[in-house]
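Only one structure is covered here, and it is reproduced in the block below.
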Amino acid sequence: MTASVNGEPREVAAGTTVTALVVELGLPAGGRGVAVAIDGEVVPRAEWGTREVDEGARVEVLTAMQGG
Amino acid sequence: MLELAGRQLRSRLILGTGGFPSLELLREAIEASGTELVTVALRRIDPGMRGSLVDVLDAAGVELLPNTAGCFTARDAVMTARLAREAFETDLIKLEVIGDERTLLPDAPELLVAAEELVDDGFTVLPYTNDDPVLARRLEDVGCAAVMPAGSPIGSGIGIANPYNVALIVEHARVPVVLDAGIGTASDAALAMELGCDAVLCASAISRARDPVRMARAIRAAVEAGRAALEAGRIPRRRYAEASSPMHGLPELSGGPVE
Amino acid sequence: MLELAGRQLRSRLILGTGGFPSLELLREAIEASGTELVTVALRRIDPGMRGSLVDVLDAAGVELLPNTAGCFTARDAVMTARLAREAFETDLIKLEVIGDERTLLPDAPELLVAAEELVDDGFTVLPYTNDDPVLARRLEDVGCAAVMPAGSPIGSGIGIANPYNVALIVEHARVPVVLDAGIGTASDAALAMELGCDAVLCASAISRARDPVRMARAIRAAVEAGRAALEAGRIPRRRYAEASSPMHGLPELSGGPVE
Amino acid sequence: MTASVNGEPREVAAGTTVTALVVELGLPAGGRGVAVAIDGEVVPRAEWGTREVDEGARVEVLTAMQGG
Amino acid sequence: MLELAGRQLRSRLILGTGGFPSLELLREAIEASGTELVTVALRRIDPGMRGSLVDVLDAAGVELLPNTAGCFTARDAVMTARLAREAFETDLIKLEVIGDERTLLPDAPELLVAAEELVDDGFTVLPYTNDDPVLARRLEDVGCAAVMPAGSPIGSGIGIANPYNVALIVEHARVPVVLDAGIGTASDAALAMELGCDAVLCASAISRARDPVRMARAIRAAVEAGRAALEAGRIPRRRYAEASSPMHGLPELSGGPVE
Amino acid sequence: MLELAGRQLRSRLILGTGGFPSLELLREAIEASGTELVTVALRRIDPGMRGSLVDVLDAAGVELLPNTAGCFTARDAVMTARLAREAFETDLIKLEVIGDERTLLPDAPELLVAAEELVDDGFTVLPYTNDDPVLARRLEDVGCAAVMPAGSPIGSGIGIANPYNVALIVEHARVPVVLDAGIGTASDAALAMELGCDAVLCASAISRARDPVRMARAIRAAVEAGRAALEAGRIPRRRYAEASSPMHGLPELSGGPVE
Amino acid sequence: MTASVNGEPREVAAGTTVTALVVELGLPAGGRGVAVAIDGEVVPRAEWGTREVDEGARVEVLTAMQGG
Amino acid sequence: MTASVNGEPREVAAGTTVTALVVELGLPAGGRGVAVAIDGEVVPRAEWGTREVDEGARVEVLTAMQGG
């Protein structure tokens, strides 16, 4: 199954949750400093454990950068 | 004590984290600056990134002020603010809605729309605005917690291009005024405070200086100097001189005994 | 460390003692300013005077820099310098030869004559001069230990009317440059240091402020800020903005799933 | 005998030295912070004890004031 | 020749008619200024009014540019523009939407809304704007025929408070830029043109001068001077001098015959 | 009419002839400028020189004002003035005694010595001085027919670096004040006149412009504009706006019939 | 019949047209430089001859003033 | 016979007057716009016809140049 993660196509197993994806990407499980949007909508952290990434979903995984 | 967005801050310097060559220099500059509030941006994760910015900032004991830098529409800015709220568990947002890539100056109508929407959504909104006194007032009217006018374009180092407008904003504002953008060196920061700004936000002037840590110290001292000078009540400008040594009691030095 | 007239000074702020409402406020301002060198004038004894200025200054542990304020000719200034040497047992002299009561600006030819004569007579001469780069060079050539250009007329609070000329003086000088006269507030002092001056001499801006002690603290911080900023190497002025947040890594936030 | 002291006529006893005059004026004997000129010439402190004030002399007795 | 709003204008000075002590002085100032375009306001008829403004302007052969001065909302400004079109049979409108009684600076979002609506309604819109380069671009994007940034508040005589912003507007604009508001004297008008503005709009500086007719002549000459200087291509600013007399060919004047 | 050095001059622009690429352009610029007085330098004859400068100037009907450019001592300047008197049969001299090759600013003490000597020798002395009000007064006191302060270094195009000092000179002078050196463009010349200068001397700004003849026209218009503005009595600078359209008589435009 | 003209109550005869009102107010019949709004709407000049002023109408009669 | 003219050695015939030298240098006889110094002293035009250039004299012949 293919989703778009940060603009790049990425194979994800069916049933992959946001939490799983975040961990896969090497980010801290706790998620401090990380935000996720799917298809232009924010995914609240409370839903990461249950929200699955669908085929073709456009996922943005964002984190803190120096700036401003 | 600065009361800003419900916080009590001892430091009147807000530090932008952009442009530091390393996290270590950022850490040292934070310490040198005395800041209690620092900005961060939100970007796609960068696999090559070493070290965690958030860890450094948490260890430094500073509060995060996420920004919406890079957003050109109210829609994107609002969305970015919501993502930032999730990421950093804060309702603070430095709202930027850029209107022009060349100057990075804000887009006034979009900024106002985004500000209103975020205030309604429960955010504590600190908008990066231009030096227009009318827009500053509108932002205040929709419920922003402060206004943050640009002295000049971000990173330009031009300083405060129009002190007259900044003074008009200060004079009219009922929320804190933070001079944001354009600071090039210490005297610019001092001037901002003398004009009556409540705080200064500074990134490039520090992070891109040859010696960022020393410049952090310089700007910190300048902010304190400018604030103290404002409170001390400066002398008026006079067209002519006013002697600082007495003009009476001068001796008669020319010549011999009394005739 | 500032090396001035053979002294090693930690403070780059020289305090003028004129204009303080009381010796007590002067004493507190000296402490707040951190200065190590203060000016005094020489005048006929005033029978009504209470308290001894010299005692206060000695107790504060500062060195005296007598001036020749009020002198309009080389002759009077030289004579006054010699009297000061007797009175204060110092070869230091702040040389003033005033050319005009309205502006209290120096008389260039008389100043040069007096400077030369005093140098020959063994004085360590610190001349109060205008912002003319040529005159500054002449004063240096006759052996002055520093040059002390006016930013603007004494007590005017106008600040540095012609930063361009002060920069030219600094650029060319091989002796310390002390910005003397005209400072109105903290940012003026910071600017002086950023232009490369080695120190600032300040009287009225502090002594006549509403709160002289707080202003002493402000100017002190400003001098330190300006010096640190100079050493830290400021960013260049740019015509356009330079982003302080990354312009790459921006998310794609508008809309639904990939088609 | 009359001399001019700081621009004012003043009676001084014949044989009055500069030191005596300074003390008479209520200044510290040591003279720290005080300078004296007679007839437009500095009187070095070393000479105060011996230098007498002549009839008609124009004496200036100066001290530190806030200034500059 | 200035091409503005479809007109070919020989004069680059637009005259505001407000503030003239009499219609006769207005008439003379129009003649002295050489203007071809003058502003008028629309107000309730004043029974006590003597003489007809429109008759004077028609006799002078100038075209009318009605304004929406005094409007604080897009709605009022649009309505006023429509009334002006009826009154003066012109689609030209100087669009003002004021945001603040103290500064009379425009309200950016309302201005943009009004501009768009009037353009859609067939007006040739000349908006009075602030000096924000982003807003100027937006006004251009919705179809305004020119942008007219304020140098400083109306009637303030401060001149161009932020030449940097005006230069940014000019650099980016594809429609004529008219410096509107804030001009105090001739050099301000010359500077506006040197910054690249296509024309200057001036009311109080002329009408409230001690001698309005002479000032009309002065501003006219200044506008022509500034424009000619721009076209002539000024010398660069240099840090150091460049001799205007040859430094070679100097005689040897000191002394006697060759040894 | 300007009364300068016993002449009645219609034009308040004195033209420096240095820097023109050709005698033909000089001739055209003289005509375009309307000047009646032009400077010339005295140098060793140049065998390769084509065309006679003096013939061109005589044909243009302008009076010559020889200078002592390139002299670094009073002695050389006095000698050069005497040679100029022989060469041009005029007692007019633009006295320059340069103190510094980098800035070409005058040497104050030498300038004063030379001025006094030339006045005693019967010359009509127009000294090029710096912007020091005290020196200007001294030059006047020794009998100079005018004072000609530098706005900024010769050829720098910086304009008037310290308008405050120029205003002080004007305020105090009893002889004409000619702004000499530093003019970069038209607005600088207008400002000089608005500060109260009686005339402007301009070389490089015109001769080295991309189009010297057009710039001659521009500076001429600017000088006239600045002078007329001074005479017309400018409006004061105000902190706040002053409406130029009436704030009364505004219609009630919002909505339906009276209830 | 009463209407409001420029904020003041004014008696107008029934059937009074805009043109008539304008003339009554001493303005040129041609109307050059004059504009009229009734109840917040512009009355185009072409309609002046026929448009009547109603009871309670809020009429604004405007003209050129120095300004801007 | 050799003199220095404008810093360069130049052969001049004995008895050469200033006027003669000026003409030799290709300048107008009338001398309008020309000045001459010999050995650091101005030679007034009235003396050009009679003043001779001596052996070793340092002659400066100056003329108008654009400047100032």
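Order of writing sets the chain letters: A, B, C, D, E, F, G and H. Residues in each chain are counted from 1.
The definition used in the following text is that a contact is a pair of C-beta atoms (placed from the backbone, for glycine too) under 8 Å apart; a residue touches a chain by one contact, two chains touch by 3 or more.
Since the structure is predicted, the reported quantities are computational estimates derived from the model, not experimental observations.
Path length between subunit C and subunit H in the touching-chain graph (shortest route): 2.
The pair from B-D, C-D or A-B that reproduces the interface of E-H, where over half of the contact pairs by residue number are the same, turns out to be B-D.
Per-chain CA centroids place subunit F at a distance of 60 Å from subunit G.
The geometric centre of subunit B is 44 Å away from that of subunit F, both derived from CA atoms. Taking the mean of the C-alpha atoms as each chain's centre, subunit G and subunit H sit 92 Å apart. Looking at subunit G, residues 6-7, 37, 40, 60, 62, 65-68 sit in touch with two or more other chains. Along subunit E, residues 16, 18-19, 41-44, 46, 67, 69, 79, 83, 102-103, 105, 158, 203, 244-246, 249, 251, 253-254 each make contact with two or more other chains. Taken in their complex, subunit F has these residues touching subunit H: 16-20, 26, 39-47, 52-54, 57, 64-67, 69, 79, 82-84, 86-89, 94, 96, 203.
Residue ranges on subunit F touching subunit C, taken from their complex, read 99-100, 102-103, 105-109, 112, 130-135, 137-138, 152, 158, 161-162, 164-165, 168, 172. Residues 244-246, 249, 251-258 of subunit C are the ones that touch subunit A when the two sit in their complex. Across the complex, subunit C is touched by residues 16, 18-19, 41-44, 46, 67, 69-70, 75-76, 79-80, 83, 102-105, 153-158, 184-191, 194, 203-205, 207-212, 214-215, 217-222, 224-229, 231-251, 253-254 of subunit B.
Against subunit F, in their complex, subunit H makes its touches with residues 6-7, 25-27, 32-37, 40, 42-45, 60-68.
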